[in-house]
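Note that the chains take the letters A, B, C and D in the order they are written out, and that residue 1 is the start of every chain.
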Amino acid sequence: MGLEIAFWILAVVAITAALAVVSLRNIFRAALCLILCFLSIAGIFVVLSADFLAAVQVLINVGAIAILIILAIMLTREVERGSLPNKLQFPVIASTVLFLCIAVFAVIRTPWQVSDLPPVEPTTAELANKLFGEGGFILPVEISAVLLLATIIGAIVLMREK
Amino acid sequence: MPELIPQEALWPGNFWLHLLVFTVIIITFILLTVMFFIWFERRLLGRIQVRLGPNRAGPFGLLQPLADVIKVLTKEDIVPARGDKPVFWLAPIVAFVPVLMMFAVIPFQDGALLVDLNIGILYIVAVSSMASIGIFMAGWSSNNKYSLIGAMRDVAQLVSYEIPLALSILGVVLIAGSLSLTEIVEAQTVPFILLQPLGFLIFFIGSLAEMNRTPFDLVEADSEIVAGYNIEYSGMKWATFFLMEYAEALTISAIITTLFLGGWRGPLLPPFLWFIIKVVTVFSVIVWVRATIPRLRIDQVMAFTWKFLLPLALINLLITSLQVVFWPEAPVWLIVFAGLFIMIALILIWSKFFKLGGDRIDV
Amino acid sequence: MTLGLEHFLILSSVLFAIGLYGALSKRSAVIILMSIEIMLGAVSIAMVAFSRYIVPAMLTGQVFTIFIIVVAAAEATVGLAIIIAIYRRRETIDITKIDLMKW
Amino acid sequence: MFKHYGNGIVKGMALTLKHLFRQPITTQYPEERLTVSRRIRGNVLAWSQDNCIGCYTCARNCPHGCIEIETSEKGEKGLIPAPCTQDCPSHVDAARYIRCLAQGKPDEALAVIREKIPFPSVCGYICAHPCESSCNRGLIDEPIAIRMLKRFAVDNNTGIWKQRSKTAPASGKQVAIIGAGPAGLTAAYYLAKLCGHAVTVFEALPQPGGMMRFGIPEYRLPDKILSDNISEIENAGVKIKTDTRIDRPESLLEEGFSAVFIAIGAHQAIELGIEGEDNPKILGSIDFLREVKLGKKVGLGNRVAVIGGGNSAMDSARTALRLGVKEVTIIYRRTRAEMPASPEEIEDSLDEGIKILFLAAPTRVTSHNNELKLECVRMKLGKEDASGRRRPEPIEGSEFVVELDNIISAISQRPRLPDPFGLATGRGNTIQVDPDTLATAKEGIFAGGDAVLGPATVILAIAAGRQAAISIDKYLGGSGIIDETLALPEEIIDREGGPREGWRPETSAIPHQQRLNSFNGVELGWDKDSALSETERCLRCDLVYGVEKYQLNGGACIYCGLCVEACPFDALFMGYSYERATYRLSEQILSKEELLTPDRRKPSGYARPEVEKTLPKQTLLIDRDL
């Protein structure tokens, strides 16, 4: 029961915040709403008993990415009336709604083979095993490390003043 | 503290009662301790500067924070005319709530905590990174260049210092083998400050920067940017920021106690008393540092973390993980001496390569 | 009504659609980046939900989510770096005005 | 890096820890000094229409510009003596002649001055100007330069006053005056011109003028200026017999003079009172100045010390410098603040390269082959004495020796009274007289000036001369009225606008390199523009205006009380509803007002709305763009 209440509240907050992100004119407030959206997604993770992921979501998305975005906003101008739609606004709305309808239709009509097993708790050790253990995802981990290194170098190269 | 709580309230027997009782206890504890800390810091600073400090209100000036509270409460609440008003109103709350939330996982003694999360320390790191959003909101919505500069500095500093901070925590987590704070405390037959001296040093310096205290208080460097992000705030909203800063000092003292000083563990005295004694000791050291070291320049602060703390934290993590993986049953005395030796050697070697604020860096 | 997989998937679709709308219809590069972050979040929800309801013992979806977060971080970093580099040259982050391949 | 920073951190931490365990040095605030901190609150300023003259001082001092004054243009109440007039010993109507100058009539101004003193030029050049000390403008910024304005008036003399002056018919009585100084000549002038007596002035020195001629160096008061003034007096019928020394005043009475006025001045330098003083190389300042003025050769070496801190010490030092002395040092036992010499004289002396040795007193002089050794002792300032100056006390063991060629003693002077005068003398060898009539104990003999007062100023001597003329005329059966009307009555007394803001115009002086070679006048007079702009600063304290409206803009007033403090006429004071709350320092400092009226309901930006309306905008709006 508690989980359901939590889900509905978090879902409403997440959708409202996401709508605010794409509709607010003030970019700074949009970024704040993005933070709210991220926090709700972290809450949804908790509802899905992925507590480690929730903490990581807060740490990376809220603590780092959102703040990076805000810093980037500060470095540009026209913050207060910066978010304007382009010419494609109405076609995009139409196609997005169409996409949403198809996706919802697909979700509802698909017969999901839901398992009845209880979720693994706590997830931390299990995740570690999955990532680093035998038959796990060690190669993607290494690749993502290379990706991050490339990101760091790329960002430095892009931002360096000549 | 268990005697204060009805037995059926304890986790996980009665979830809601436990939550309620501990929330009340934590908030009361934080407010009282913050008031004590304000008085304590002023007295200690006074004594270090060979004066008395506040000594008029109440015995030994103990009621001075109360007088300050009354004064702050009766001040006029000013909102900048061209500021972003809703954000301005929300900022103190957004800044204060994460600091309160951090306390949820800190064990006062065995089992005496709000929630014993199995990812406790990760939760703390995650939540503490949210506090800077409130500060940024305050800086932006004040529509004042000084507050914005202060907020930008705060965010840059926070993001940078979080990395060595998290890396030094990882050393502790590796040794303890758990992210849960209760288990970390229980793993400390020897306080981790002895096993992880370098990690402790990095964590201490990093947390000084994290809570914007001297010598890293560039966020509110009076001589440069007047008062930093809270320049436009007055009255209760300003007091909330002030409360946030001291609550953060309290929380970080508690975290240092938990991670490195053995938490509630100690002979003779009851565990929660040990916990409080250790917290006050850590806070005294923070005040002592404040009384001694002058403020750094912003480029020095950034250079210090990226060029000094981060490499050392990485090396510390590497050495710790090698030890945990290949020689887990090493004798304690050997680890202690090796740790001290490695710390001194690393700091001396690194300072040969590293120049603090030699060249001017534009940040 | 108990929570089922469908709830999470529909929430995920709605968030994804909102993000899609923002990414396609906005002029500001920063807002587009934020919309992409929303879309990645939506996908993460779907992944974790699949993991929770279909293979609860395996956590494969959560592992995928971790990679999604890694990619999101990398994408945000490089994206913001590009935005600021463009802003330094062109004094604008309006993507409708950034239409030259070379300048 | 580590050596540099690590050492600093470790040492610093150790130091702060050491300090932590020291005894705090905070002390209890003394109980008897605990009544402090005045706060002014309220909404009514009491304003006294009787005292207010509408000078705008309060309006100018208000930081928020919330005082409005409307004065009636014509309905003035009349004239009162201004403070400058009241404080002048001779009561020269300074306010009036400044007004004449402001109207562009310097000759009229001179006439106003001439009504009271016969030495306007001398006063224009060297007067000690007590009027400026009492000037109300000094409360705001700087007093009006009354002396310079007087000098401007006399420099632009057209002689119009002479046409309006008249000479009284001869009374047939003879008056003898001993001493042709400022006091004697003033008395002689008024007795001869306005009372009609036949006056003969006996002067021991070869030229008339007394201290004005022989005590003040040429560069301050050119001889020609003085001679012009004295020739005016001679034109009024005064006979001056120079080179005539009178030993017995009674002998003059026997010769047929009806009254005798003794104004012999104070011409004898006071001795230093130290060992070895009878050396011929030690000169009295007054003797030194006189010798120089008489054109005699004074052989001075290269190093000269002047002992004393008065104007005559400055004069001696600067004269010595002009005679070619390389190194002149003034030795004074107190500090600069206590020096009796006028500040501009001290400033000029230092400018010309004279050294001043403060807090030093000579104790002994010895002579070694053509060289004087002056032993001095360092002094420190002790308790205040009767004159309000702090008494110097010697510091034991701080003696030092200065090697010199000559010493000029300029401590003070006293009257040189020949014994046969046979008059009662008081402190400092001064003649004792009735303070109202200046009559001595002997019938028909009066005395005044420095001979009675001790060394004083020219303007005091002139005042004494006037007093003597009045009482001698009364003694001889006259009316004793020596006032004359030389200036035309003023028609419309009007003030156009308030006084000008700002400071005095610059006073120019001749360049340094030209100063030390000659005795040319140092200070230069003002041109017309400077004088005119200076007159505009005058507050016109003698004009009383009917102030019709005095309005305080309550919204902008912050009750700082600056206007009350600034008012020179005590026309403003705190009204009844002002609360003067005093707080004791020992109590917790909480503002009572803030506790009583916390206005937290309406956050109002930077200031309360009513203040926003009344204040000028630029004080409120700060540039808040990033």
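As a working rule, contacts are C-beta pairs under 8 Å (C-beta built on N, C-alpha and C of every residue); 3 or more make two chains touch, one makes a residue touch a chain.
Computed from a predicted model, the values in this text were never measured in an experiment.
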Chain closest to the assembly centre - both centres taken as Cα means: B
Mean-CA-position distance for chain C and chain B (Å): 33
Computed distance of Cα centres, chain D from chain A, in Å: 85
Averaged-CA centre spacing for the pair chain B and chain A, given as whole angstrom: 28
Distance between the centres, which are taken as Cα means, of chain C and chain A, whole angstrom: 6
Touching two or more other chains - residue numbers and ranges from chain C: none
For chain B, residues that touch 2 or more chains besides their own: 148
Graph class of chain-chain contacts, one of line, ring, star, complete, other: line
Chains that touch, pairwise: A-B, A-C, B-D
Interface residues, chain B side, partner chain A - complex: 84, 87, 117-119, 122-123, 125-127, 129-130, 132-133, 136-137, 140, 148, 152, 155-156, 158-159, 162, 179
Residues of chain C defined as touching chain A within the complex: 1-11, 13-22, 24-28, 30-31, 33-35, 37-38, 41, 44-45, 48-49, 51-60, 62-63, 65-67, 69-74, 76-78, 80-85, 87, 91, 93-96
For the chain D and chain B complex, residues of the former touching the latter: 1-3, 5-6, 9, 12-13, 15-17, 19-20, 22-26, 586-588, 590, 594-595, 598-600, 603-606, 624, 626
Residues of chain B that touch chain D when the two form their complex: 44, 46-52, 55-57, 67, 70-71, 73-82, 143-145, 148, 235, 288-289, 291-293, 347-348, 351-352, 354-356
Chain A residues within the chain B interface of the complex: 26, 28-29, 32, 35, 51-52, 55-56, 58-59, 62-64, 66-68, 70-71, 74, 122, 124
